[in-house]
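See the structures that follow.
One chain, chain A, links the two complexes that follow: it is found with chain B in the first and with chain C in the second.
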Partner chain A sequence: MQLLRRLMPRKGLHSTKFFAWALIAPAAAYMCLIVAWPLVETIRLSFTNSGLGIEDYVGFANYEKLLSSRKFPDTIGRTFYWMFLSVGLKLILGLIGASLLAANLKGKAAFRVLVMPPWIVPIAIGCIGWLWLYNGHFGILSGVLQNLGIIDGPFEFLAYKNSAFYSAIVTDVWIGTPMITIFLLAAIQNVPRDLYEAAYIDGASRWYRFRRITMPQIMPMFASMALLSAIWTFNSFEIIWILTEGGPRGGTTTLIVDTYKTAIANYKYGQGATRAVLIVAILAVFSLLYLWLVNKVNKKYGDEK
Partner chain B sequence: MATVALQNISKSFDDTQVLNNINLSIEDREFIVFVGPSGCGKTTLLRIIAGLEEASEGQIIIDGEDVSSAHPVDRGISMVFQSYALYPHLSVFENIAFPLRVAKVPEAELNQRVEHAANILQLTNRLQHKPGQLSGGQRQRVAIGRSIVRNPKVFLFDEPLSNLDAALRGDMRVELASLHQDLNATMIYVTHDQVEAMTMADKIVVINGGNVEQFGTPMELYHHPETQFVAGFIGQPNMNFISSTRTASTATNCSIKADGIGALTLPVSSCVGKEGDSLCLGIRPEDLSLTSSGQGFEMQVKVLERLGGSAIAYGTINSQVSGEQSFKAVLPGDVQVSPGQHIHLQVNPDKCHLFTSQGDAMHRLKAEV
Partner chain C sequence: MIDKYSALEKLGLYTAIGIFLTFMLLPFVEMLLASLRPLTHLFRSPYQFWSDDMSLQAYSDIWVTVPKLPRYIFNSVFLASMTTLICMVFVVPAAYAYARFQFRGKAVSLALFLAVNMFAGAVLLIPLYKLLRGMGLLNTYWAMIIPGAAFLVPTGIYLLKSFLEKIPKELEEAAFVDGASRLYTLRRVILPLAVPGLIVVGVYSFIGAYAQQFLFAITFNQKRDYMPLPAGIFEFIGYQEVIWNQMMAASIIGILPVLFIFLFLQKFLMAGLTAGAVKS
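After this line comes the complex of A and B, so read on.
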């Protein structure tokens, strides 16, 4: 009580300010410890040749090496292709799924629960399941394709650059779609029923109602899910690592996988940190774009002033 | 423009019967109000006419054409919802234009029709705003605008004023009534507020428990309620009901002994039955007048609501059955009465209503209308 009274704003503006700072200090300290310090440390590391037992300042050497490397443009391109393809599929499938689940049919609760397993099952377990599916010799996909006569012999999905990449996309979409579906479903269910009834009375078809009522109404949620999903997919590591470890011959190596391979697998902490800084920069640009976009979407479709 | 006929409409949800065999015939250009307590089925009946619900049985006939299974657009109706159901992401212009866009009306004609509607409803300088920026009354007008651009044959309103404050509701009542005169259209209006029903309707349909209790003009309902329910529902403040017993009757009158009031002889017909039958006397609070002590009957005032021009006294009268019975009376605005005081009241038997124990009214022979 004594302490509080001393801290309370009695002496005007100056102590009010002090009190405000005192209130946010614990949270600020916590943020510094778990966010700011590691970030600063990563940036510092990116200017060193830090590895096992050594750490000397090397200036921009890591950045020069990374940007002049032959593989790096491929990795960046692959990462963005991976992100756009996967997020696009997740959003489309999520929207279709949510619209179907919102329909008033018998046993809809059961369908809603059945959508969730890919999301609920631990990612590692799910990925091991997919490893089996993709296996050329005892995997069911290869087996079914052979029985149907589409392929002649066993096909090892994860053994070729392209097929491995698209297989990883399929798994990533499988894991990422349910959450988007559930969130979009929630948004769709929040649309007042009256709006649909009013449009129905005015003669609007199902598709017209979807286009001019559902889509605009769920747009803020859709934009948010698009960005969150983009960030997660950009940084999606464990799925690729479990399926292919970035192979074959770098065919599934995205920026995050490259960072891990450099820093952790090859003990080149400095060079790994350089990649991490790059990821932070790209995601920061993303977040700015997102804030701008969400603001615009809310202005256009929100019901506020 | 349009007549509407409902023939043997019944509706049940699963096992619950919400509408029983409704028959109504609505004339062209009439303003019809469905009124009843909540849950009586009035909104369901409106939604059946709109085509949002399907009747379990019966036909809806608009302009002589059976539209029971037709799409709302083909029925030629439009509807204003209780919540207004405005599209929050669209401007006022686009909200009003929505039905025309659906119908792919050419741009020039669309502009002209929206502006015409906006003119009628004084929304011209609001067309570019979003619904969220409008006041309650303006939103209400946008919803009405959306229903008039389509030039429907029949307008349906589902409790459109219930979200407005009391003052605005009064204004909108007048606006809707004048809109009805301007548009010259058939309108069906649902409300639970008997004041709205009385003030706006050409004819009122009183619905209770899924049945039509009575269908008639406001004055018919006020002066000749067919049932005790209608008598209690129509009129503000509502009617006093006093348990009574028959003492004698002729072809043109009925003598009763009313609990706490005394002997009265009412000019009613069809008062058949025997002495000692229990009846129910109905007295409107506004038909009572003050009298000097020693005359009439006594009422103890508990609460007095002063409205300025008149005052409503709430209190009790003595009852042989239950000790005391609650009672209301409308008194002159400047009456010198305070709560707790006893007053003496008298009533003209010509103005009283009489109901059988089943709740059916006896026909009043000396009513004003």
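After this line comes the complex of A and C, so read on.
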């Protein structure tokens, strides 16, 4: 490092700093164009009545209209319920899956590969598979339930408000779980083995070792997965759109679906932008809360090492 | 000793794994079964798992029902490849800078990159639409490639950075001593050593690009000639009826490219993805 520093002139065009920024600049410019500028533009649009051919400044009218609309409390509530339920299930299933795949069993390499397909396959195609499963007349779910005598006739999972919502949750969990499983598995395998051996010699049970060694050790990874998953689930659009387009009767309309419906399907860009701004604001608050939490987690678990 | 399980424990573990994998793979099994059946059979109730009228008929019919299907498949692979390529062009230099140099604003700018993960394409659709229209790119391949690649860049930088950090600094120092320029060093010394990392980031981007074509395709592109498969596949849903068996057959075919890439490179991918992530 000494040598490197001496060899690199520190000022002017050839300074390390200049070179580093020159390398980063293309990516940064790209992000400004595709993410930062659209974000600013979204905020501006949210104060206009922008639509097909018109665009006038309207102040906070869009926000007032959104907040006072009859459907809005439902949509917000549904969005948060959607996120917490889905992320919770993904984390629980992911943790169970990772623990199972970490077990030293014959065939574990194959199991690890078999978990991945829902993640790597195009979301739209996975959803087509689920459309088929949820089909009342010829889907396997309705068929099995009929055979078991739980339901009398064919049941269309996506035709009723509640069943459509929970069906969409199941599909979302199905798509989101593999990644969490694989990352938690990696974290579990990264736990120093001597910790387990020491506990084992002291007679600690498997459950005790999981609770007192595995969990604290993988906590940082668990926390990152929780946040990433929460953001993606909040913004999960394709799954709902393909399964139900937000219906029936708005039963699966989350904030992101509402944004799309308003802006793209109904050409109300201004009102759509208002919803997009709201999403960004909620997620920003969420991320800050998370960073604060991670700091605490790291302090609690990180220092013990 | 510590990893030994009793027979009962083994049974329990295998059962649990079986249930877990059933959940993960059930839709694919069902898709495969549906694709093998004649359409009339599909509408037959009650549900049957196995029947003797299975055939590969749907796999030859799909090309007639949706004549543009080969085009859609080509589009999908082409879009994902181009997206990956463009993503890498931006990722490699930036990741190298973050891995090797200390400079003011490093932590902040890296955090800003990662913050991009907060935005899904769906949130920014309206201005992106205007932007692409302004550049005259609506209804072209670029309308799907440019936004698609952007959302893969931040994670790509992060993954490749942790790879590059593992390459010993001494190698660069030696090259400098020999009078090599910085760019020459990056190109001829670092990149060859970083090939495993490049593969991981490349495959990650490809899978991501292939998986997430639907939204940008239905929003920014109206031309059927440029449609990727995930959007084109909905042509099997007609006005009168859904041709389920053929839609499933086309879906299975649409899965194959990404499945092959994944199976060939999965060892690389799993180790690589998680190595970068665990360290932090």
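The working rule: the second predicted complex is superposed on the first by the 271 of 305 C-alpha atoms of A that agree within 3 Å, B and C clash if a C-alpha of one lies under 4 Å from a C-alpha of the other, contacts with A are read in each partner's own complex, and residues count from 1 in each chain.
Here is the rule we use: a residue touches a chain if its C-beta (ideal position, glycine included) is under 8 Å from a C-beta of that chain, and two chains touch if they have at least 3 such contacts.
Here the structure is a predicted model, which means the values were calculated and not measured.
*Asks:* Put chain B and chain C onto chain A via the superposition and say whether they clash or fit.
*Replies:* fit
*Asks:* I'd like to know which partner A:204 touches here: chain B for first, chain C for second, both or neither.
*Replies:* A:204 contacts chain B only, not chain C.
*Asks:* Let me test your reading of the model: by the given contact rule, A:194 touches which partner, first (chain B), second (chain C), both or neither?
*Replies:* The answer is first: A:194 touches chain B but not chain C.
*Asks:* Of chain B and chain C, which one contacts the greater number of residues in chain A?
*Replies:* Between chain B and chain C, the winner on chain A residue contacts is C.
*Asks:* Quick check on the superposed pair: does A:21 touch chain B, chain C, both, or neither? Answer first, second, both or neither.
*Replies:* Touch status of A:21: second partner only.
*Asks:* For the overlaid structures, how many degrees, to the nearest 10, lie between chain B and chain C at the C-alpha centre of chain A?
*Replies:* 80
*Asks:* So, A:156: does it touch chain B (first), chain C (second), both, or neither?
*Replies:* A:156 contacts neither chain B nor chain C.
*Asks:* Looking at the overlay, does A:245 come into contact with chain B only (first), chain C only (second), both, or neither?
*Replies:* Neither: A:245 stays clear of chain B and chain C.
*Asks:* Once chain A of both complexes is superposed, is A:182 in touch with chain B (first), chain C (second), both, or neither?
*Replies:* It touches chain C, and chain B stays clear.
*Asks:* Thinking of the overlay built on chain A, is A:217 touched by chain B (first), by chain C (second), by both, or by neither?
*Replies:* Only chain B; A:217 stays clear of chain C.
*Asks:* Please work out whether A:104 is in contact with chain B alone, chain C alone, both, or neither, and reply first, second, both or neither.
*Replies:* Only chain C is touched by A:104; chain B is not.
*Asks:* Can you give the closest approach of chain B to chain C, taken over C-alpha atoms and in whole Å, for the superposition?
*Replies:* It is 5 Å, taken between the nearest C-alpha atoms.
*Asks:* Please report the chain A residues shared by its interface with chain B and its interface with chain C.
*Replies:* 197, 200.
*Asks:* Which stretch or stretches of chain C touch chain A in the complex?
*Replies:* So the residues of chain C touching chain A come out as 1-3, 5, 10, 13-14, 16-17, 20-21, 23-28, 30-31, 34, 42-47, 76, 89-91, 93-94, 96-98, 100-104, 106, 109, 112-113, 115-120, 122-131, 146-147, 150-151, 153-154, 157, 169, 172-173, 176-177, 182, 207, 210-215, 219, 229-231, 233, 244, 247-248, 251, 254-255, 258-259, 262-263, 266, 270, 273-275, 277-278.
*Asks:* Would you pull the chain B residues touching chain A in the complex into a rising list?
*Replies:* Per the stated touch rule, the residues are 50-52, 71-73, 77-79, 81, 83, 85, 87-90, 98-99, 102-103, 130-133, 146, 150.
*Asks:* Under the definition above, what is the set of chain A residues touching chain C in their complex?
*Replies:* 1, 3-4, 7-8, 16-17, 19-21, 23-24, 26-28, 30-31, 33-35, 37-39, 41-42, 45, 93, 96-97, 100-101, 103-105, 111-126, 128-130, 132-133, 137-140, 142-144, 146-147, 154, 174, 177-178, 182-183, 185-187, 190, 196-197, 200, 221, 224, 228, 231-232, 235, 237-238, 242, 256, 259-260, 263-264, 269, 272-273, 276, 279-280, 283-284, 287
*Asks:* Which chain A residues qualify as touching chain B in the complex?
*Replies:* 192, 194-195, 197-204, 208, 212-213, 216-217, 219, 300-305
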